[in-house]
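Naming follows writing order (A, B, C and D), and every chain is counted from residue 1.
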Amino acid sequence: MKPARLAIVGVGNNISALVQGVAVYRQADDPAELPGVTRPYVGGLHVTDLAFVAAFDVAEAKVGRPLGEAVFAAPNNYPRLVSELPDETTVVAMGARLDGVPPHLSDSVGPVGADRTVDDIAGQLRDSGAEALLYSLPTGSAGAVAFYAEAALRAGVAFVNCTPDLIARDPGWAARFTEAGVPVVGDDLASHLGSSVLHRTLLSLVTERGLHIERSYQVNLGGNADFRNLLVRGEAKRQSKHAALGGAYSDRVSVVPSGGYLPVLNDQKIGYIHVEAAGWAGATATIELKLSVQDSSNAAGVIIDLVRLAVLARRAGFAGPVHGAASLVKSPPLGDTDTSPQAFDDAVIKLDGAATILGGTQ
Amino acid sequence: MKPARLAIVGVGNNISALVQGVAVYRQADDPAELPGVTRPYVGGLHVTDLAFVAAFDVAEAKVGRPLGEAVFAAPNNYPRLVSELPDETTVVAMGARLDGVPPHLSDSVGPVGADRTVDDIAGQLRDSGAEALLYSLPTGSAGAVAFYAEAALRAGVAFVNCTPDLIARDPGWAARFTEAGVPVVGDDLASHLGSSVLHRTLLSLVTERGLHIERSYQVNLGGNADFRNLLVRGEAKRQSKHAALGGAYSDRVSVVPSGGYLPVLNDQKIGYIHVEAAGWAGATATIELKLSVQDSSNAAGVIIDLVRLAVLARRAGFAGPVHGAASLVKSPPLGDTDTSPQAFDDAVIKLDGAATILGGTQ
Amino acid sequence: MKPARLAIVGVGNNISALVQGVAVYRQADDPAELPGVTRPYVGGLHVTDLAFVAAFDVAEAKVGRPLGEAVFAAPNNYPRLVSELPDETTVVAMGARLDGVPPHLSDSVGPVGADRTVDDIAGQLRDSGAEALLYSLPTGSAGAVAFYAEAALRAGVAFVNCTPDLIARDPGWAARFTEAGVPVVGDDLASHLGSSVLHRTLLSLVTERGLHIERSYQVNLGGNADFRNLLVRGEAKRQSKHAALGGAYSDRVSVVPSGGYLPVLNDQKIGYIHVEAAGWAGATATIELKLSVQDSSNAAGVIIDLVRLAVLARRAGFAGPVHGAASLVKSPPLGDTDTSPQAFDDAVIKLDGAATILGGTQ
Amino acid sequence: MKPARLAIVGVGNNISALVQGVAVYRQADDPAELPGVTRPYVGGLHVTDLAFVAAFDVAEAKVGRPLGEAVFAAPNNYPRLVSELPDETTVVAMGARLDGVPPHLSDSVGPVGADRTVDDIAGQLRDSGAEALLYSLPTGSAGAVAFYAEAALRAGVAFVNCTPDLIARDPGWAARFTEAGVPVVGDDLASHLGSSVLHRTLLSLVTERGLHIERSYQVNLGGNADFRNLLVRGEAKRQSKHAALGGAYSDRVSVVPSGGYLPVLNDQKIGYIHVEAAGWAGATATIELKLSVQDSSNAAGVIIDLVRLAVLARRAGFAGPVHGAASLVKSPPLGDTDTSPQAFDDAVIKLDGAATILGGTQ
């Protein structure tokens, strides 16, 4: 199938993981058996059917350089999996700074470029032939997310929101995307294997077995820009993570999204989970868990499915918030309640069918 | 409802937890809200509707003493939850020694009493008015389990097998119980919250998320007689635990049922679980878990449901292996494949209905 | 020996642990064998030779109540070890608010009382016959620490500074205490068993064995007011803890004093330590450690030695910063470099001798 | 300096680590700065001044092959650090089988070769020009260790005993080595960074701080032949490890040298340590530690110092048990009590001086 044409906002670790991973998988022996990949194919789109046709950032070290070099520029610290990425020649363009560069991260960003207008960006998106725009700036940049969502909407390019900032689940934005005939996917990327799903699984299991949760906590640590950002902008994340645990025991559970920005960890993420419960005759049962993951691999393994879904939706002529990804995002669109992985596959089948009928519109 | 009349073989830690727990729950404010209890009622039988009418053991420190004292005799080391148990006056009778006292545990047992015959025991069971016999000797006592199953069968008393030794899932024994019109429940107690269910849950979760299990292990430690026994008789247990994990990755998983008999742990059980998996672009994700539980509370919380099921089955006139407990035992009877907790509740409703019609047969 | 007469500023968890602990030890069978006590006697002063003669706080829930009740008032959440403390009848007096009540903790404090003057407090200290003033307000209250140090100095009462705020190691304060003939002990309480000493011990051991530290971190979590405070005022603490690790590897070590304020932990403190090192042929060795302690017991076990040292020093007529406690504080006075426990015992012998000669000056 | 000429018995993982490590360090930029090496030089002997001049084994997969290939033969599972070892051309000779191949390991060994006599081996040692014989067979092979010690003694080659089997600390053997004018180094290799030293360090630290050890355990896991062997032959090791902890609290400590043979671990070794202690007012402090090391790197990092010591001793004309290595072995010769690393360096200086005077005798 024709590759999915992708534009990117924010050339951080997640994009480094995504771009390098695609390069790694291009060398796999069997395209149907890729370790670490949930779905080799989404509709007809293989993991490697991805073309990076535009990219935006504001960091001096990234703007003006080919994407294949920019992904390795500091403060990015995802490991280098390949010696170079000669095929990724798309040059990173100057984006709009706005609030996407919080003061607590600003030492990692160069001098502000000339700020851009929405129509500039929309025009550039149109010229690139992008089918979807992947939004991946630091959490909590309300101005930036609105700016780029508007640009995608004007350019008729599907929008994928990796952050907890409200787009896909916001009734106003949802209506505007629907009217404009443009699909939107989001909000807030779930991790491939994260602390929230592990914590929720443990709490449920313990409760199901008849033990009573007495107290529990979850603390996350990391060494990339996201953890540095969350130290300051963590409250929304904390509420989102806390809500994700559900349960009647929520007053006995404490959650800390970023317990520390630990430079020595680089892009590694550590989660500590503790569960204490009362069993038969009041006996205490305790579970201690440590999760250690490559944070951005954990993101890229989910992004790869979301962007293919968005491109399929656009090829199918779908408009507005795409349902079916509730297992892959933490805050799905209103009414999208089926959190099973199957819901995703069902949505893909429908969109793929429609896209095929439309004959691959682009 | 009339209390369930229970006979016991093997007055170890599990029985200490069971007897003490029932005493503790008798003092609860709200009988429908018992912390650490999965099902306050099974049919009409409340957790506290239990009468201990007979008990057998061979240890000098236990035989001839009231059950309420014997449960505290060494090598039992379950914590003392109540200062005394004045209501448990049933005197522990001399049982059959056979192979229920392995040499590696024999320092904890007194001189062999006069061995007993099956008919002796059967007569005593009948005289006690017991409705069910709870079999709880050390794993791997093939002679002892056959001896007591035979006695229950002859006495017309339901048999509950807590050990992995084959009874309920053995076609020969199943047929004999069916012919004799006696229910049998087993085999091999699942823990209330154990290493196997946690390990299986983690492996499944990781696999579902699209990561590939690379290697994993589970090691259990304890300080009670069970762990001392498993050091020698652990191979069947290892296979059972390994099988319980299921999965295509079993060659990459090592399981150790008893990694050590650590006297300092007393009745506490420790489980260490490690999972290593490959995610996006081959990045490694690692989970380290430590489970710490009161081993015998963990057992008693399940025994309480099994014995009530067995008594209900007998009152309903049910014959042979009782289905529905596959979520509570590791090796259910042949054909009993529904491992959901709901299956237990469904079985209870049916048996309870039949028992009511029969008018509480005894 | 005549009991040490102690005044207190800040009736928090540490004081609850101190007061309750003394009550617990008063019931011990053998005064020379107290579990959890490093030194039953310091000079002639036994752990229980302590009289609480004055106390200051600003919280509505504490001021005006007997010390024996105030130690149990929220937000204090140290466990209740004794049903009541009828002997601790000293009424908590209104202290000076100043910056001792940071805004991020202010929901836990009542309406501001009439602020007090230094001379008020000094007079009250004199009237109480206090020999030492134990300063235990939240870290980072530069105004409050100066206020109370001044009051102690004017009243001729020894000052014990539990916080990292500069007093004993400040040349200006040191000179003033010396001139006034008043002893001062501090700064910054070391824990009885804390993350810093464990972390330093592990790093040293690994380095001594010839392995090279590659990366390491330490993160602390708690649920008391101190952890809530440190989230905001943690930077000085971080630097102090980082310095405490020493070593040429400090650029490869990250330290987080408060990785989270977790209400479910109450007064429990959790420390996670990770050490990664390269051994023979580059093989990686990893150590993961979790420390769990009762935070305020950990403090009280050290306070008990510092206050007895301060009282001995005053009885000996000693003036200025007391040397010898460098094993018990994180920032000892300038020139006090012997961090061995022996140094403390040596100092005690000298002071005790001098005090005896002076004939118990008070 | 002239390279140390080394003969080897037992071409297992430790030897693989040793031989590969030497090859790795030969490529280092700065010979004085080798990561993971405690002492780049021992006397004049650099880590890389090692020539493997003879090797003995009984496994079909190893005998008759060059050492540089044999180290990679199963069941060895130390990682391959270098693609090949073309310089290690010494062919592995058939050794004496005796009890060096316990039945529980015998599936990993080929058909028994023609057994060898002591004089055969001694002759071969002499012909090879070996200066030291490194004995590294499975623990508990009393016959084998005596056989090879005898051969070394007759050949006049220094003997280095890595196992807990008694040689250097046995008065009879010590006397014979002394009479024969041959140095002997041992017994029982300490790990570079092992569970014992960590456990002892934690217990000491906690005790020094005034807390009282209440209970503690240590459990070790691995996937190499040593762990398989220790499951059966672990009792001596357990006593040795237990003794290594010292302390008045030994009745409250349990130690398990091999809690499991976990094939998935390969040559990785895992140690779990738990310490529980009572602090101020009885509050419990808990430490949980997990150590993860490459088992054979951990051994090779110590072997490298022992063999250089043995060679220096022989060149200095020293006879009998060499003192000074008590920090590197668990059971030093009688009277060798100084366990400081400095003792080793002092011994080296003396031997090196003597060797220089003798002019490098061989």
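The rule is simple: a residue touches a chain if its C-beta (ideal position, glycine included) is under 8 Å from a C-beta of that chain, and two chains touch if they have at least 3 such contacts.
Note that this is a predicted model, so its numbers are computed, not measured.
Engineer: Computing the C-alpha centre of each chain, which chain sits at the greatest distance from chain B?
Structural biologist: Relative to chain B, the chain whose C-alpha centre sits farthest away is C.
Engineer: Measuring from the mean C-alpha position of chain C to the mean C-alpha position of chain D, what distance in angstrom results?
Structural biologist: So the centroids are 46 Å from each other.
Engineer: Determine the centre-to-centre distance between chain A and chain D, using the mean Cα coordinates as centres, and give it in whole Å.
Structural biologist: Comparing mean C-alpha positions, chain D is 50 Å from chain A.
Engineer: Among all residues of chain B, which ones touch two or more of the remaining chains?
Structural biologist: In chain B, the residues touching two or more other chains are 288, 290.
Engineer: When you check every pair of chains, which ones turn out to touch?
Structural biologist: Going through each pair of chains, those in contact are A-B, A-C, B-D, C-D.
Engineer: Which positions of chain D touch chain B when the two form their complex?
Structural biologist: 215-217, 219, 221, 223, 252-254, 256, 259-260, 262-265, 270, 272, 274, 288, 290
Engineer: Please give the residue numbers of chain D that touch chain C in the complex, ascending.
Structural biologist: 17, 20-21, 24-25, 35-39, 81, 192-193, 197-198, 201-202, 205-206, 208-212, 277-294, 297-298, 300-301, 304, 341
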